[in-house]
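Down below is the structure, laid out as structure tokens.
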Amino acid sequence: MNLQNLDRRIIFAVLLIAVASAFLFPRPLHIAVEPPVQMAYDTLNKLQPGDRVLMAFDYGPSTMPELQPAALAILRHCFQRKVKVVFFTLTNEGLPMIADALSQVAVPLDEKENVDYVNLGFKWGGLTGSSVIEGLGSNMQAVFPVTIKGTAYHDVPLLHDVKNFSDFKALISFSAGTPGINEYIQYANARYHIPIVGAVTKVTAPREFPFLNSGQLAGMCAGLVGGAEYEELIDHPGFGMSGLFALSIAHLVVLGCIVAANIIYFFGRRQSSR
Amino acid sequence: MLVDYFFPRTPVIHGTREIFLNWGRIAVTFAMILGLINLLFSNFKKVMLQSRGWIYNLILLVSFAVTFYFSVPYHTIVKDGAVTTLKGTDAGTVGFQIFMNVYTPLSATMFALVAFFIASVAFRAFRAKNIEALLLLLSAAVVMLGSVPLGDAWFAALHLDSVFGTHNLSWLSNFVQSVPMSAAQRAINLGVAIGMVSMSIKILGGIDRSYFGGE
Amino acid sequence: MPPVLDHATVFVAMIVLCAIILYYTFKTTAGKLPKLRTIAGLSAIDEAIGRATELGKPALFISGLSDIDNIQTLAALSILSYVAQKAAEYDTPIIMPNVYSVTMVTAQEVVREAHLRAGRPDTYRPDNIYYVSDEQFAFVAHTSGLMERERPAANFYMGSFFGESLILAETGNATGAIQIAGTAETAQIPFFVVACDYCLIGEELYAASAVLSQDPRQLGSIKAQDVVKLLIFAVMIIGCVSETFGAHFLMNWLGGS
Amino acid sequence: MSHDPWVWIAAFLTLAIFSFLYKDNVFYKIAEHIFVGVSGAWLFATYFQSDIVEDMLMKSFPHFFHRTEAPNYITLGGGVIGLIILLRMVPGFSWLSRWGIAFVIGFQTGLQLFSAINAYILIQVRAALVSLFVPRNIGLTIRNWLQAGGTFTSLSYFYFSKEHKGAFGVLTRIGIWFLMISFGAAYGSTVMTRMSILIGRVYFLLSTWLGVVRA
């Protein structure tokens, strides 16, 4: 048998089994919390019961494994602090993400819709979302006259005396691209000075570091790892934690493939040169 | 467009740009109708002729029809005297359920196949046959190890940190990405941009018309 | 959003670039064509079509996952024009599934013209160039299935690709096809480089259509691109040296701090 | 184990796509054709609702939708371009569709020409201008040499007017090394994102569907 042309289905099977067993037999990983995540946690931990925050779910199913862990952990943290949450999204794909977060966190914690949280739904704000963000800064009711369930804005107790960004303590952006966190920094933070906390995908994280350094971002979770770190901070392990273990295992499988391929290659070359 | 860039604060011109972008989006929807007619017609033909595998073409037509029926129309709901209009794609409709439980898993699973191919390519193509291949696989391995907590944990377990201090694997991975990788990518981007400018000028000047079918 | 430079700077740069490109484009005549280095992926096109012909299998062409408004797609269709002509001469069918209907329509024109040039208008099959879905992964699901069933012997991936690049390239590899890719998407180049037989890297995609056409004006435009690069080399050397000695005039002109 | 029939549908489709890794089969073919059908109809529904109905018809004929704002007929322009593209299907008028396509190409080419010069040429060149000697900081000096040298040599690979031979060949060879390091690093850094999508699907199967893993 020629190992150099190993049936690739064997590799597929190894990877699938490795990932599945990582979930079935999880091992606790020692997670060091990075400063950006700690900053995010500290910012939200300072909130008082009754304070309000905005949550923007600007991502869809394809980036869900990366961003949902952070979203769930941060939402749970807010509810633990008795902070009231207003949801919206600038992308149509964000709606199911909000629905999923609510069913996983708000429903089990028995939070009341329209009192403890409200979902304003989706609004197209142009390619950069600027028209919606500007609107939220000046007159929120004009942008979202009704909630996603069709309740009129003034009939929602939570929104009773809410006019614009100044009635919120923070804007939390779960962002997969544009429109997303950079637009909130550019329009909402620069003009209305609302603190921005964010969760972004691992690949887009490097370009956000300058904003963390300049203080335009008050904290950030990057990818699944960031989500796992936040879970560690609120002491509620979830998908982020178990996912991170699976992720490490998957990386090892890929590295193993590279190592195995090279060993086989050198061994084969020696034999043929003889 | 060029005019818009140089006079961005002129409201009339800026408005024109918005209008053009808007027209573009509307035109795309009409263009999609053209594609859908092509798709439905060719599948219908195969079903009618009962050509090889026609049953799958029928499955395609049926799933299109079912989704179309549930998601395209607007529904008016009267509840407690209040009238709300729901789109067939809004949360809570059957169309939305199809999106969440048919479209989304299909799309995500298709995307997930990439993970398997990443592993199979690692086995097939990352062999140190020459210097180029060696550099390729070394930088890949460093960045991969540096991006999961395991890499630095091993680094510490081997007591390498007593020699290198904070210059651990995640430091090295960041260095590789921010220096040689960004330098090479800058060169690629420069080349791409120059090629793009020259291609644009050829198109705007009518020098390259091959995409139009020659003439 | 990248930082926006002073408009005067951009304006000057644009005038200079356009002037260089137009000058060389119109100066070059059939008499003295510029000598260019060989581009590995291009010489392989004939070989790939030839092999498909030997095996009696079709060739597969994908013009990327962007609409016609992306310049990469236009570059891809230029290459298609050459590939389709070669394939028509050898009487090998080209299959081309599409993500966008306008690309499909344009590609049909391109292939029809190519068959006319090859003198084989009778073998043109518009049904082989068809629309699949605007959705990225539905298109990929269809195309992967197609590769397994039709087993094309030559696969061309030209244009802009995204997360799906590796699915196409690895499925194609498993079916034993010769694969030639070309993209200017920086994030996908690595996948094509490792998984395909040949890959046009970045700018090579744009240069390809000019080289394939052997049209003096188009070749002149490549000469112009090289002159622009010489200019950039000069700016880099002067800039780095002057930065070393603490003179920041170039940096300031480019809007740096 | 889930009792929701929608979850079972999603699980079936997930497994059907994964089965392609073994080989092409009936289940994959079913899933593939469902995907093409459903995605076509669903995307059309969202485009139709947001672009044709809300952006075009509602703005042009507001009274018809019981709205009070003034009609804005300009949005109909997108519809006109769209119809021109559709004329392709009418024999004898297909030449007109070229005009619709030409509009889209011309518009976008102008747009891209501009951003290419600004973002990809000037700003990239600027980033490559670094000081080649930083007093009392050897680390930064080396870093800057790698930055500038990497860009310079990699760009020389894209110089077409000269064969890669002699002294120029050495330069391009180093350029290729930088390109290879960058490809390896880019590959390594995407592993994480791609793997997390696979992990999301496996988690769906084990937790949402089978319920053997608790969050």
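The letters A, B, C and D name the chains in turn, as written, and every chain counts its residues from 1.
Definition applied: a contact is a pair of C-beta atoms (placed from the backbone, for glycine too) under 8 Å apart; a residue touches a chain by one contact, two chains touch by 3 or more.
Bear in mind that the values here come from a model prediction, so they are computed numbers and not experimental data.
Busiest chain-chain interface by contact pairs, anyone?
Highest contact count belongs to chains B-D.
Quick one: which chain's Cα centre is the longest way from subunit A's?
C
Where the centres are mean C-alpha positions, what is the separation of subunit B from subunit C, in Å?
Whole-Å distance between the two chain centres: 18.
Rounded to the nearest whole Å, what is the centre-to-centre distance of subunit C and subunit D, using the mean of the C-alpha atoms as each centre?
Computed value for the inter-centroid distance: 16 Å.
Mind pulling the residue numbers of subunit B that touch at least two other chains?
In subunit B, residues 5, 24, 28, 31-34, 36, 39, 89, 99-100, 103-104, 106-108, 110-111, 113-116, 118, 120, 124, 126, 136-137, 140-141, 144, 147-148, 177, 185, 188-192, 194, 196-197, 200-201, 203, 212 touch at least two other chains, as defined above.
Do you know which subunit C residues sit against two or more other chains?
In subunit C, the residues touching two or more other chains are 10, 17, 67, 69, 71, 74, 102, 105-106, 132-135, 137-138, 141, 163, 186, 189, 191, 194, 201-203, 207, 222, 225, 229, 232.
For subunit D, jot down the residues that touch at least 2 other chains.
Residues 17-18, 20-21, 29, 31-32, 35-36, 39-40, 43, 46, 85, 88, 104-105, 107-109, 112, 114, 117, 121, 125, 128, 148, 151-152, 155, 157-158, 179, 182-184, 186-187, 189-192, 194-195, 197-198, 200 of subunit D touch two or more partner chains.
What residues of subunit D sit close enough to touch subunit C in their complex?
17, 20, 23-24, 28-29, 31-32, 35-36, 39-40, 43, 85, 88, 97, 101, 104-105, 107-109, 112, 114, 117-119, 121-123, 125-126, 128-133, 148, 151-152, 155-164, 179, 182-184, 186-187, 190, 194
Could you please specify the touching residues of subunit C with respect to subunit D in the complex?
2-5, 9-10, 13-14, 17, 34-39, 67-71, 74, 102, 105-106, 132-135, 137-138, 141-142, 144-145, 148-149, 163, 186-187, 189-191, 193-194, 201-204, 207, 222-223, 225-226, 229, 232-233, 235-236, 239-241, 243-244, 250-251, 254-256
What residues of subunit D sit close enough to touch subunit B in their complex?
Those residues of subunit D that touch subunit B are 6-7, 9-11, 13-14, 17-18, 20-21, 29-49, 51-52, 55-56, 74-75, 77-79, 81-83, 85-86, 88-89, 98, 100, 104-114, 116-117, 120-121, 124-125, 127-128, 143, 146-155, 157-158, 175-192, 194-195, 197-198, 200-201, 204.
Considering only the defined contacts, which subunit B positions touch subunit D in the complex?
For subunit B paired with subunit D, touching residues are 1-2, 5, 19-20, 22-34, 36-37, 39, 53, 56-57, 59-68, 71-72, 74, 87-89, 95, 97-116, 118, 131-133, 135-144, 147-148, 173, 176-177, 179-194, 196-197, 200-201, 203-204, 212.
Looking at the complex, which residues from subunit A come into contact with subunit B?
6, 8, 11-12, 14-16, 29-32, 61-62, 64, 92, 95-96, 99, 121, 127, 146, 148, 150, 202, 206, 225, 244, 247-248, 250-255, 257-258, 260-262, 265
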